[in-house]
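First the structure, which I've put down as structure tokens, then a few questions once you've had a look.
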Amino acid sequence: MAIFLQQLINGIAQGGMYALIALGYTMVYGIVELINFAHGDVFTLGSFLCIAILALLGVSASGQIIAGWQGALIALLVVVLAALLCGVIGVLIERFAYRRLRNAPRLAPLITAIGVSFLLQGVMRNWKGPSEISFPQFLPNPTFAFGGVHIDLRELLVVIVSILMMVALQFFIYNTKLGKAMRASAQDRDAASLMGINVNTTIAWTFFIGSALAGVAGFISGMYFGTTMFTNGYQAGLKAFTAAVLGGIGNIAGAMLGGFLIGIVEAMTAQYISDQWTNVVVFSILVLILVLRPSGLLGEQLPEKV
Amino acid sequence: MSAVLSLVGVETFYGRIQALRGISLDVRAGEIVALIGGNGAGKTTTLRTISGLVRAAHGRITFAGDDITHAMPDQIVRMGIVQAPEGRRIFQRMTVLENLELGAYARADGRSVRGDMDDVFALFPRLAERRSQKGGTLSGGEQQMLAIGRALMARPKILLLDEPSLGLSPILVETIFHVIADINKRGVPILLIEQNARKALQVAARGYVLETGTIVKEGTAADLLADDDVRKAYLGED
Amino acid sequence: MSAPLLAIEGLTKRFGGLTAVKELTMHVEAGSISSLIGPNGAGKSTVFNVITGIYVPTAGDIKLGGASIVGRKPHQVAAAGIMRTFQNIRLFAFMTVLENVMVGEQTRMHATPLDSALRTPRAQREERAVSERALELLDFVGLSAQSEQWARNLPYGMQRRLEIARALAPNPRVLLLDEPAAGANPVEKRELMALVRAIRDRGVTVVLIEHDMKLVMGISDRVTVLDYGEKISEGDPQSVRRDPRVIEAYLGKGA
Amino acid sequence: MDARVRLPLGLGEVAVWQALGLLAIVALFALYPVIDRNIGHVSAVADAGYFLLLVFGLNIVVGFAGLLDLGYAAFFAIGAYTYAMVASTQFNLHLNFWPMLIGSACVAALFGVILGFPTLRLRGDYLAIVTLGFGEIVPQVFLNLDKYTGGPNGISNVDQPVFFGHAFGFNPVPYYYLYLVVALISLVLLNNLRRSRLGRAWMAIREDELAATHMGVNPVTTKLLAFAMGASFAGLAGCIYAAKLTLISPDEFNFSVSVTILSAIVLGGMGSLLGAFIGGLLLALLNFMVLPQVTNWTHALGTALHNEAIQNADLHYIIYGLILVLVMLFRPEGLISNASRRAELHHGQPATSAAAAGVE
Amino acid sequence: SQQSSQTSSSTSTSASSAATSAAATSGTTSNAAGGTVIKIGVDLPVSGADASIGVPTQYGAQLAVKQANEKHLVPGFTFEADVLDDAVNGVHDPAQGAKNIQSFGADPAVLGVVGPFNSNVARAEIPLSNSLQLALISPSNTNPTLTKGPDAVAMRKDHPDQIAYFRVCTTDDIQGPAGAAYEYTKLHVKNAYVVDDNETYGKGVADQWEGAFKKLGGTSLGHDHITKGQQDFHALLTRIANTHPDIVFFGGNSSTGGGLIRKQMPDAGLGSVIYAGADGISDNQFLQDAGSTADNVYVTVASVNAAKLPAAAQFLKDYQAEYNQPVGPYSANAYTAAMVMIRAIGEAVKANGGKAPTREQVLAQLRMTKDFPSVIGTFSFDANGDTTNRIISIYEAVKGKWVFVTQQNFAGSP
């Protein structure tokens, strides 16, 4: 039982990671119906930027621990800066790589997204080299044990941040004017502009928020794993994207649910089957769920009305 | 009376296809202007050009003295030029209520939105019954009502209507034309596109006839109703 | 009286709590033009959607030539001989006008994928026959000059006619037209009336949803009126037009 | 400019300049191994052959039928493993190459149907993600079932073809001509298909599935045929690939392979056969010949200049990414496409928003 | 290389036509090259993620070529390193490797190739190099099946008796058991959990280690394979922790998770458990990734302790001076591979009366390599093309550094 609970915690922590990235995916997808393949790389870039910002602040990978409010302050500063930078980068990507293609055939922006993904990977590769790079572990990481089960601060952080982000995003999309503008732009851009919505600005905001979330995820992931690498965004992005689809693309809570589900399935597979089958099991469950619910777990299924 | 909205020599292209070949028209304060013409004449394109959804390649569009030729669609809406577009274009995955709320998106006065919504429901009781149904599952006519209601929610300074009676039952067609007259009585000028040219010219003060991107006739509604060519081509009389 | 070609018996369709169609019974005689009218949201399109297999009826039966077609998939309904047009035009936008019509002939064709890939003489013969017939149909609806254009580039009125040609392609027994005259001006409406009559004269039974009373009254052999999903009146155009319930719910005093 | 010629084999009508270009290209292809005596280059160009077959196959699924498949490499893997398992020391079966060419195509097609089945109800990007899932599952299964597939080692010593007593060996030239012949035959068959009953059914499904079914198109068989036929090309490609390399291993069939094939289709022009051909060829040459050189050049340059930054630079990803982005930005409809479509795409708003999507 | 074309075309195998078409151009090429340039092909993954290990390896080979020229090791000839990348889209690719060998084969000036790095690339290249009779010396392939057993024989089907593939590092059937023996007997661990990266090398060495460990009397509590690209090992480690091992053995590379697993072990309560691996994690990358957890870690390296050889010290200095960075784990091997190649070419030139030798002549010399003194120790090639230098060194990670523990010579073992 303890082992099951422990794996559940492992799964939820890893799932929270996926969920955080998935939120950005689902957000962008929900608004522009684009599988933003570059999103995973923006996430990795977020980690890279955090490392650079920490270096500027004099925090290096040497393993020094900065406890108390100072550590918290630094963490906050780094997260905010990384989120802002990633947000801006997201906006730039949209402006230069996607905007021109809004009315192009659907697959054209998909291919530019893949191109941008390669481009970002190339930039990161040349910036920090081709191997794993260390992420400074400057926060203390106390462990809390309950019975045979333990959870540490980093794991708590992942879960709490991802849930907070989801709630905030959900509130934002459904209860603010900009959120409504986003949903309207998602469904019919021309009609949205006829409502007085500035579609370009709205989409730019979407990318800003989605990419800023990737920046936050980049920080959390760096703290959690302690390393990062220029190709990390690929695998993480893939899983996050799967999470988003599993939950129902465009659905914020769904992305969250999908992320946790995948994380838990991975952990349970590693425990009760074998680590090498995790991807097979995850994707098989994905297929199964989509066969039963073609619009994902929480995705709304609009009946065809003709 | 001076023109509120005026188009001078407007030309619009879709790629290499020229849809408008130099359109000049005016809508003056407080009047209903009908725009009639056959399929593909360029009526819709004219409205899309005014709203900034497509760009005029040549010519000038002014509203209340301001040049809006190069303004963005959302700016144009904020100035009070509101359109109920062809094909309804309602937000499919949003409820009737949300659609109406979005109609009021550009309005600064948030307070009176509720009241206006009640007015719309009074106009189209059917919408009230369907208020939390998703737009995409409404019947064709219900969607049309929603599109018009949504435009009214913006409290337009000028209203552009693209075939508002399309797909409506005979009773509702009557209602719609009453609504159009009502709105106009409150001082809102209206540019109206209708296939039902007779009805349109009956409520309108003036009209323009569009053929293949050019205005071939203009005049008072009464003159046009009496015009032989118009009667033959658009009123279906022999 | 001969058995009706298309018989709708006690049809009910509910969407969640909403009953869109309620115990509708409607018989369509072979070779007739029938109209289905009623206020917006009365359930007319829903009836078409149930007939063509988009929705499974909540209750009731639909028979074509005596055989029930309930539960069949849309393509099976098409193969059985019922074709339709859509209230919101649904053409194959990036296919040519001719190809659009040729898609309509799917159910009449026999070429196997292997025939097609190898262009066997049989496949070539069939292909030629089908395209000739498609051209003939385009000529029939007055679109032969546009046959090589992309469907999406046609003006609205032509798109409507193309939809009709496409639906006629397999020589259906029944043609369902959902508001074919929407967006047409009076002149075009008159042309459309002539077209619908000509279709009937080709031996196709027509069921029409339409809000234009002049058109409906002008060409229908029989009119059925729905309101809130229920049949409130039925009969020849004259009697329906005078039915006070119809006037109140649908036509209005002005009509 | 406007003069047009009718091509043989039912390939349709093209402008004179296009026909001349085509002729020159065909001649170039026929003579290439004679012109370029570098066996490595010939080998790379021959490998463009398997890539082209993959592009043709995926073009059926994505270009013709509009089903976005992000895991197409799975069928390539299935084709390659099929041949490698029955024509090597793995089970000591050593079946003959030529019947297995068809055999691999059939096995892949069968899997096309099996994997296509669960996707039938799925729309748009849900379909994409499920296929992507298959693309992840299949190589992983080959990797994990090491008793049958050699696991991470893959299967080596795959038999090479013998043509009327003439062994292909490691010489890329016969493979080159084999690919050329298969590709040309495919091109003709595909062109026939595209303008047939089935081809129109695919396109109708692509444009509007609901309307298509009401016109009598059976969505199930139509889609499954697209998956099966698309997969069969991957099976062919996999079989020749395994024979030419004499080795297969599970990591050659990853997502980036699927993505590269897809990019080639979109780059060339969705749904256009000529586009698929050109896009496939260009991307294959870029990936197999040009980009592998780029790294060497930068390294050499850096070493020559004693500049560590240049020496350690890796422009591979950057160049590849830029090419994808720029081509799409300036030719969103692909290199080869219908002129009328291009005009609209750059300007007007589509009449219905769904119509804008190549894939719904 | 005139003669090279003759011998090539005289081979009656299936490769003959390939070789012939290459030979047809060889006359002009070799004249244009002046007959004095001899190329040594270098085939390694030098882009993408593999570059971190591929590029320093490439530099090792290039340094050898440079020094050979400076020292005029083969009078009358200058050497050139011709580098080809075998990575496609950033991942080492067997097909690309095969193409590269064919490219080298078509260039008559290329008399031998240093490479490849990865075992699956080797599988694609060995049959080709054998068919073309073009010498191939790998700096890093340790998978035993490449040279031994039925698989290896099948790969040499064109010239079964004429070995063309060599390697300067010993094989995992030596390395794995050597590590197992050390850890079992010296570290007194009895219960092991084995993890590998499910790649040719990683799984191979893990299997060898596990087999030997069990033979010695140890218990294997489990053997898991991780998934490519995996970053989170908490679930796996929780499962491992539940079996209470004394040692976790990892078969794989730092780039496939070697350091990350170690780093996450304390999270699962495995912080004090011994961690062991082979040469794949014997690099600085591992130390960096594992950070403060890089303690209690033991690795085997399939070569002598370079610090004990004066030649090696000089090599390290030269490398640092030339490339301004520390050597990679396989730089010295690549350097050695190129040097042994150059030596063989030199001998072949001598045997050929000062004229450029054929590839066969170079191969003949390589097969005869005996007691070659190199920066990784003195070695010969055995009948399979394997090095006789079967010295395994054991290193321990101490305070962020690899510290040499011991070394053992397995010469004479099978």
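Residue numbering begins at 1 within each chain, and the chains themselves are lettered A, B, C, D and E in the order written.
Everything that follows uses one rule, which is that a contact is a pair of C-beta atoms (placed from the backbone, for glycine too) under 8 Å apart; a residue touches a chain by one contact, two chains touch by 3 or more.
What you are looking at is a predicted structure, and each value in this text was computed from that prediction instead of being measured.
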In terms of Cα-based centroids, which chain occupies the most central position?
D
Could you pull out the chain whose C-alpha mean position is farthest off from that of subunit D?
B
Whole-Å distance, subunit A centre to subunit D centre, using C-alpha means?
31
Provide the C-alpha centroid distance between subunit A and subunit B, rounded to the nearest whole angstrom.
43
Rounded to the nearest whole Å, what is the centre-to-centre distance of subunit B and subunit E, using the mean of the C-alpha atoms as each centre?
75
Averaged-CA centre spacing for the pair subunit D and subunit C, given as whole angstrom
41
Subunit E residues counted as touching two or more neighbouring chains:
48, 51, 90, 198, 225, 227
Multi-chain touching residues of subunit B, meaning two or more other chains, are 17, 53, 87, 137-138
Junction residues of subunit D - those touching two or more other chains:
140, 143-144, 210, 312, 314, 316-317, 320, 344, 349-352
Inside the complex, what are the residues of subunit C that reach subunit B?
15, 38-42, 45, 87-88, 153, 155-158, 179, 182-190, 211, 213, 249-252, 254-255
Help me check something: in the complex, which residues belonging to subunit D touch subunit C?
10, 189-190, 192-193, 195-201, 203-204, 207-208, 210-219, 225, 229, 338, 340-341, 344, 350-352, 355
Where on subunit C is subunit D touching in the complex?
52, 54, 73-75, 77-79, 83-84, 86, 88, 90-95, 99, 102-104, 106-107, 109, 111, 113, 115-119, 123, 126-127, 130, 150, 152-153, 166-167, 169-170
Can you tell me which positions in subunit A touch subunit D when the two form their complex?
29, 33, 35, 97, 100-101, 103-112, 114-123, 125-126, 129-130, 188-190, 234, 238, 241-242, 245, 249, 276-277, 279-280, 283-284, 286-287, 290-291, 294-296, 304, 306
Over in the complex, which subunit B residues touch subunit C? Could you list them?
17, 36, 38-40, 87, 126, 130, 137-142, 144-145, 163, 166-174, 195-198, 232-236
